[in-house]
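Chain nomenclature is as follows: A, B, C and D, assigned in order of appearance, with residue numbering initiated at 1 for each chain independently.
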């Protein structure tokens, strides 16, 4: 490091993912925010839309020119919508920049799968191959030194961290997996629609996109990779009246008489040395607020003797471990820094 | 009716179930609240604890003497805790009163099952046999003229109304049922504990009593009765940051290639003439706020071709269809009145 | 009445005021909803946007033709935006209909004042004169038999009911009035803007339109009418993270050594026979949830000896007493029915 | 610093103030948490009650022995209830420790005033004199090198930072000050009472302790000190359904024709070099969420020409600038470190 900070830019700074990136980068000891970019609002102050950053981000928003950007910064975070990243990221890579992409555009290895679920044209196959899927606790070792990291989705992060150790150990039947996922409202972003209207979702709970969510192929691709065979899941998403937080309650048939203690031991071994996954003690369950504002993923278990079914509960903050926090974790891994750099924040409780 | 109203009393008026009973009875054309009873607060105004009833309930709270009560009223609602009803209800019946009990004490036919799950002594077997399980849309015809109705629990009501038509038709595998239930905080009552503290549960989501909730035997007893064989379910309960509302997301293996349209038709036929169950159109899902404050149970479906699994979502207001509203519905059925009397209120939205 | 119901229509049925009108009219013994009108969505089912009314409102939305409407109904509720009512209401009146208007268009007697605050062209002066300001507890006697009632705004209702008795008695200095008003989010309607976005206003509190709210002239007009001299107020509006409810905390200099008991007595006398205003006992304060879903306005007081200042707190449900409920109350008064007809609902608590 | 960290202990670690202190100290570069103390729960893991600190605070809770503590640490934060600190703090000081006290016990210079408002015995007068009132932006220069800092209350912090510049400049009439304060629920602490019950305060707004809050003498003492004459305020406190955040809307009569621009300039000059106070631009108002989780106090203004009244709005996070954050700020000032050390966190938004 010899004292010099790595220079970073954020594209798509006017969304929730963008301002969370700023929160973590502002306190990061080895990185410096050099450019905060919004194509649609270039020249305006970021604080018009986000006054909480008053006197923190004082320069106006920049426009986007990949060549000029490459002269100023080393790494770009693209917190841009699906379909936009697909076109933008190749330009940034060709300009010599490293990219951590927070959209869904580079997560699926099979472009036709992407097009079926996202309804946008897929990036060229070469880029899809090049991209590392940055689920840090699973594929973190592959991130180091890479040019393009595809940051996982929020639901897949909570789901996969909760399922992989048991699936990898062969303890659960891959054909039996049901994921009942619940998310706070910020997961849908800052765009306006009636579902996000306070009077509509406060004191309310909704279910949506049952078995149709675009995060399904990302989950199945990764589970299939771990299981060594295709995996098909049942996946339900719910909207809960809170701003942040994802809880995934997952069900699978156990392939043996494993107890909660067995599972705790298995998971603690699997995640040893990975400080952002915390396995609850037997009989304890994680709650979303216990990871609020932080990069943790907390996990708990119940193995039911009566039915032979395993229940796994995992929680994350969708904007942190499910987006900006994991992106910073990937920056750390990419640059060879300590994984927790700039992320060593306790959850904000209560 | 010849113009005279049936006289009713409420025991346990200082809980949420009690004040909801008052809400519905105050506007009921054939019933009159004659006594509002609280053993612990007798002599005090109800409005000390519930000022929203100022100038509505003006008499002080009464104490409880079954004989005297029998001289004044015809029907008693017991919104008393588990263990209390077990002792109180027989006294009321013996005094010649009709009783609608909102506790769990008379729901299980097998007293030892009750004792295992509730940790209280069970009522005498005769009373357990006498009690009708007042799940109105299923067993409503048996309620008419009965002396003792055991009002179903909130989770069982949402669960059973969602599962019974498909189970009864033999369309789902009884061994495959998983119930992922979510409830607002009022379900835990007005008693204080840290879980109910606003700062702890606001902007939070918790999971609790996984496979251990005392409503499980009530669900399994009824499903077993419908299926004609013992049924064991996986049952998870979650606490969601809202005051009212239950959503049950239920999963089961389909025994044939049934489509959503088939299910909608099956359920609409099953519930024909039952105005409080509403089956959503294909592709639409119910939300808890769409039944807020009302006696409706709304249901939606997804049948997944890929996995052969059925997803059923049912919602109720836990304090209405899950407690006081269904109790009034049972009063109506018991007395031979129109099922909707005093309950014809639209949901309060937004 | 001779058994026949008065036929009513609602224009602007796709807003929150509209569906609240439906809630109260559905249970109203003397009124029948004959037409539910939305110019923009004519022909579509109302339940597309408001599924909570499934199986309750089954006919599709009607378009609007004043002549045809006059052939079918007796009274029209116009829950239309400011500027729209100004043009529509005269047409309805000319077609022979009675109108209860929920917009701000007919509240100000001085058209130029209207234009200054609302930025729309005012209705013709004749209509402004004809309109009765339907603050039911104050001007209710003038409503009977009228053709056009202008239903008060939500903030003015809470403010005026809280201030008028003390002002009318000459107990407070009209020049000293400060109104610190707080509202739930539904007051801003169903239209989308960033302020209503759940993630923005949940766990947040905002202040807006300080001394600039369009309800100010309506408050000052009425206070001036009561005081017999012009009154200028300081008026601050806040947005609170809840769906329903307005609380107005009001400050004024006392003109004598009046105690809380004096005030309670004054107010109870003033509102005698007016069942929807409830004055709290000494030392008790009203909370917004204690009127949730109901037509009540609850009021409490503190008289501070140290400063000679009076603090008045009044609460209403902005969509009920502040909109649809008071409109039904005005229908009752207009038709000569009991004031509480169809409104005798306890607050929904908790 | 020569590399060695200052050793600190927290007494009263099982409240919200305590865990917020841990949040800031865990990331503080010059301080190290050596002991986490709870008299009532000594020996138990802190994470039993606060699982969000799993794998962060792993040692069990310590008991309290001032002599032994003095051998281990340099500075103690006492986040103990009023009445407890009064007795404890003198013992800690006598053992040679520096103390930052978060209770109200050392804020009032006049012990009899303390006893009148707090209903506890006051600490000895010598300790009251010795204590510096740590309102950092106003009295920060006096904190350096002191042994005992009395950390201000949450309401006083928001109130005083909002009023002092205008009062100090003689622009407002001290006799005219009205403070309409609103707070999130965490301000009442973790103790259970019905007011904190989620079902009671969600979707609700309450007013309490009107002109009777124990923070009033602290506000009046400081305003009197600034004004050079006794100041009496009208002070209303409200409970708002959110976890964190205080908004004070304050009213005062202007003594001249000052504009919003004048006020902005005055305040920005007054707080120059004080990074935690942010003055909003003309026409912009702060919202509580814009300081959530951070140590900022944001302020906005409206000067009303019609009434000559000034409206000031100030917001803080009650647990941060109103408690733990300001305590850390006082630690920094006490030790001669940069004021922002360990506090340079952006608000958590949304």
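Methods note: a contact is a pair of C-beta atoms (placed from the backbone, for glycine too) under 8 Å apart; a residue touches a chain by one contact, two chains touch by 3 or more.
Model, not experiment: these values are computed from the prediction.
K.L.:
Identify the chains in contact with chain B as well as chain C, in label order.
P.N.:
Chains that touch both chain B and chain C, as defined above, are A, D.
K.L.:
Please work out which of A-D and B-D is bridged by more C-beta pairs in contact, and write that pair.
P.N.:
Spelling it out, more C-beta pairs touch across A-D than across the other pair.
K.L.:
Distance between chain C and chain D based on Cα centroids, please, to the nearest Å.
P.N.:
Each chain's C-alpha centroid was found; their separation is 40 Å.
K.L.:
Using Cα averages as centroids, what's the distance between chain B and chain D in whole Å?
P.N.:
46
K.L.:
Between chain A and chain D, what is the gap in Å from one C-alpha centre to the other?
P.N.:
Taking the average C-alpha coordinate of chain A and of chain D, the gap between them is 36 Å.
K.L.:
Give me the residues of chain A that touch two or more other chains.
P.N.:
Residues 16, 184, 186, 199-200, 202-203, 241-244, 286-287, 289, 292, 350.
K.L.:
Using the definition of touching given at the top, classify the network of chains in this structure as line, ring, star, complete or other.
P.N.:
Complete.
K.L.:
Hey, which residues of chain B end up touching chain C in the complex?
P.N.:
Residue positions touching the partner: 16, 19, 22-23, 26-27, 50-56, 186, 202-203, 243-244, 275, 278, 280, 284, 286-287, 289-294, 298, 344-350.
K.L.:
How about chain A: which of its residues touch chain C in the complex?
P.N.:
Residue list for chain A touching chain C: 16, 184-186, 190, 192-194, 196-203, 241-243.
K.L.:
Considering only the defined contacts, which chain B positions touch chain A in the complex?
P.N.:
178, 180, 182, 184, 199-200, 202-208, 210-211, 232-234, 236, 238, 240-245, 247, 249, 251, 285, 287-289, 292, 300, 302, 304, 306-307, 309, 311, 313, 315, 350
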